[in-house]
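Two complexes are shown next, each including subunit A; its partner changes from subunit B in the first to subunit C in the second.
So, the complex of A and B:
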């Protein structure tokens, strides 16, 4: 126990609100927006929940609608007109099931919200995968997507020396955006081999719009160095980042930097799906042609079903919106477009898989769990994530292992752990609203509330 | 989604200092622009700053208007807001 978590008594909001709808869509990125709009247009009562300040998710993150692509503006306008109820700044804490359907417990701006629905569409998106290395906890070291989010929410990188090192297609748009915002992009280092990246680029002809976009991104940071087969092994600085050590396996050198953006691709946010009981495979939710999961009346769309990008997410969202609560057949062109983008996504995984050398990145003194400051030397001997949690507190802090566990699974070949509610840190007043209600099938009775809340 | 882009700056108080920042941006962005890199102290006393930018990692926690452990990346600046970070000496 660290004495550092969430205190009670800050909020008066114990009088819980109740929302009743046909469908709850969880997550307002492209997939969730398309699902919510399509379902609401059919006359269904739709509640769209999102923890962010604005709809759009990460890829369409914006402030007051400024600087988002046309397709995003069109979908947001369509969502506005669709009649879906949008619940922003709302995090799901727990989901329970009974004969009438689902009851979702959420925290909405500090208040408890109970959402009763017959159908759920999970559009919980993805997060970045991190591999820990010495110095990665220094201020100034952030995710690649994290830097993009900071930029899109008003952060200025002008004049800052930036190194981007990691893997995956996300590096290109972020490099382009940072360069255009005035950052001094020192190096963009892709850990995948040149031959693999070339193979990926060659495969993009199947989705020409993606190929064109990749070329346009590269053109926008042409003056910066882009290296394949190159990765960062350590970050240095006393109280904030000052430099990084870079290697290509043959040569090792230092670069001074104010900001290091790192990340090894995206991983689906499957926690809520697992809590509900949906089957997952290779870290993604298993769905059928109608985006239905293995749990009745629960569908999943977008990155949570496997990383595929915004165009695929929109298609999957539309399909779920058309099929939720019905047996309507999906228009053939939509199915064909989904198949095309899915094939492209599968190739991406092989190309950008982290190389074996990255398993040697953390040293015994490298902090792996940033919430509890647990080092690699301490967790290394655990046989599984569960044992590490129980014995070392790794993964037991407020992020619930979302930041360290995917990296540890890669480093130590662990398997994914089970999920228990509350799946997001929540105020005790929110939880007590659930306990007081005493829902018959509540998962909460099994959970050790004291672990997360004090 | 209003047309609020032209609004003037807002005034916030960061670690006791009055600061003028752009409206509508997140607290994390405001602190980044002010050059404040250490937002919280870890359990072993290390300085920490924003990592994921999307509410997942909890590294950017600060005290906002006396409420501790608020994620700076999930809150927009508001005129008169008081923010307390680990950079306060």
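So, the complex of A and C:
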């Protein structure tokens, strides 16, 4: 099969560039990189799209030079050789379906890009979940992932008194990195119970690389205090953070701090999947053994299918890369490794689930929606996210509730609102763009392997 | 409510809210029922442009009357209703449309509605982001904008202050003579007001109301980008003809600094999905008038269903087939504006006061008599 498979004659309208490929992989984190490389190695024409400047996703993106882990180097080299075309600074804003396949609308450095494909692999990753509390909007309070990103891009915490409070395995590497960069770690407060964390750690022998990693991290900030069953209830300061209130449910105390890193684990970025119509369960995209979603020719890999860490993301990506557009069966060892990591991920999910006491964190005057300055007292009585939006503007700002709604869904047991295009803010010119009749389109150069699309 | 209500209003959209407010103010014991939550129906999707329109004399009478009521009420509305007396600019593309602008100005003058014609230079001065080469505009300073869901809430709050009760999440299954039926419960009352918007025919079969879908796009904040609600003169034609599909340039500055871009009309039943082709057409039309909108960032799109009647006029008054039943529905693309006039007119009819407008053109009996069902 060659480029002639696609015609652009059906388009009408003006401007916009067209790219045609067999597979679009959306998201260039570990999952997307593995999927794109494995699919392109099979001879498929693959476009790998990411809004970021560099490939690597949350975990690998910001690392420069020496700090890149060996597996990252290996995969990036494989991707480089695979022939996949990488489209950086390309934000997907919409996907529509027609008989010929999918049309992806993206904003690429301010220009409209239309990508026509027959298969989509969603690798949109996850973001941090925040639970609002008094003072969380003060300067000096940031996400745990945000602190990590700041470090990776050269930010300095040297000499700063830092409290890390939240939940999940992400706290460990960030604590280690902060300690190494010269921050004074006052407290690392994990909300999960000691017994649960211990059980989780004990189970890590089943995934040795993860256990080793955790041990290495812990060694690096051994001297500071790591407390389980402990959480921050408020942040204080006049114009920036000065101290935090900490509790373990029995005792409540103050800690002086210049920086508070907070976050209650990760939640999958399922907006694009939901826009396409893929079924989700417990906030993650439902997939089968071949990583196929409930929508034909759409697969999902990595954190968007449930939080499981980079090693699982890589395996899932590889499986999707092998199965996209074909009925090839997945090598057994790969399936076994996935099963092992999935079991660990499930345990993690249970261990680090936010405790019920956290539902009492926000007070009526706590700001919940930072875009629109809406307080908890104002949204508390709404019966659903949609009512809260319409009546109070919560979640109506530029971030469209990406930051506050997951926390509010946890606090108030709301269901998510519907997803509509654009899933990311997009220039009006992009939304109104159409592909010109006979527009010059760049066909990705790989030719297809014979067994695809029979 | 332990007491037996005088009136049950079905639907807590802006129309039901306005009816409840006027009835409660007239001293009736009012119960408002909504299947979902207040202001969550078409009211949640509307642009909230308070606009005088002259598609027909009764439309002009009802919109002008309502505009006066909004002006009186405005100072008493809470801030979150975001009332803004921004005025409307009806934009003319060419000399023919400018002629129509002048005719419109004469009609408005005859009805005591302030309006002035702007020259191309005055128009460019008033709205620098409009493209050059437009023929002029009609400026209607009395028009304004509200945020509809909170406007409905504010009206409901006033009703509640006068003794009304609001029950949300309560779907009415049927309406009988002086009663409404909710599951196993029968609520007896003196009168029932069907204000279920585009869903009104489900409770009162025979009402000729169909959902007329519309799309809107909202941008990020660009304070000062435009200062008036901008509507192309061709909008009137777009709203008037019951074609299967039309778009018109319609841009509104929100109190937040955001821009609301409309609007489209389609007859596609209750399909609430975004129609990308229509959104493109609508945005193209907007870009044609305001090219620099291209560089604003759109953050959200949505759709809503206007309750449309064949003769473009709402149904306000008694439904003679069922004793005690009144209709206040079918306000198409003007229900935010005409809610206040509707509430007052309906309350006057219910309690037997002399209404401020001739009720005949809006009387539901025109449907029973076969009029207005072309």
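Here is the rule we use: the second predicted complex is superposed on the first by the 414 of 454 C-alpha atoms of A that agree within 3 Å, B and C clash if a C-alpha of one lies under 4 Å from a C-alpha of the other, contacts with A are read in each partner's own complex, and residues count from 1 in each chain.
The rule is short, and it goes like this: a contact is a pair of C-beta atoms (placed from the backbone, for glycine too) under 8 Å apart; a residue touches a chain by one contact, two chains touch by 3 or more.
These figures come from a predicted structure and were not determined experimentally.
One of subunit B and subunit C touches more residues of subunit A, and that partner is B. In the superposed model, A:398 makes contact with both subunit B and subunit C. In the superposition on chain A, contact is made by A:426 with subunit C only, not with subunit B.
Using the contact criterion defined above for the overlaid structures, shared-chain residue A:148 touches subunit B, although it does not reach subunit C.
Shared interface residues of subunit A, touching subunit B in one complex and subunit C in the other, are 397-398, 425.
By the touch criterion given at the top, residues 1-5, 22, 24-26, 28-30, 32-33, 37-39, 42-44, 46-59, 61, 67-69, 73-76 of subunit B touch subunit A in their complex.
Contacts from subunit A toward subunit B in the complex involve residues 2, 4-7, 10, 51-54, 58, 63-66, 76, 80, 89, 127-128, 130, 137-143, 145-150, 153-156, 239-240, 367, 370-373, 397-399, 402-403, 425. Interface residues of subunit C, counted against subunit A in their complex, comprise 37, 39-40, 44, 149-150, 153, 168-169, 217, 219-221, 256, 261, 274, 276, 279-280, 283-284, 286-287, 293-302. Subunit A meets subunit C in the complex at residues 13, 94, 96, 383-384, 386-387, 390-391, 393, 396-398, 400, 420-422, 425-429, 431-434.
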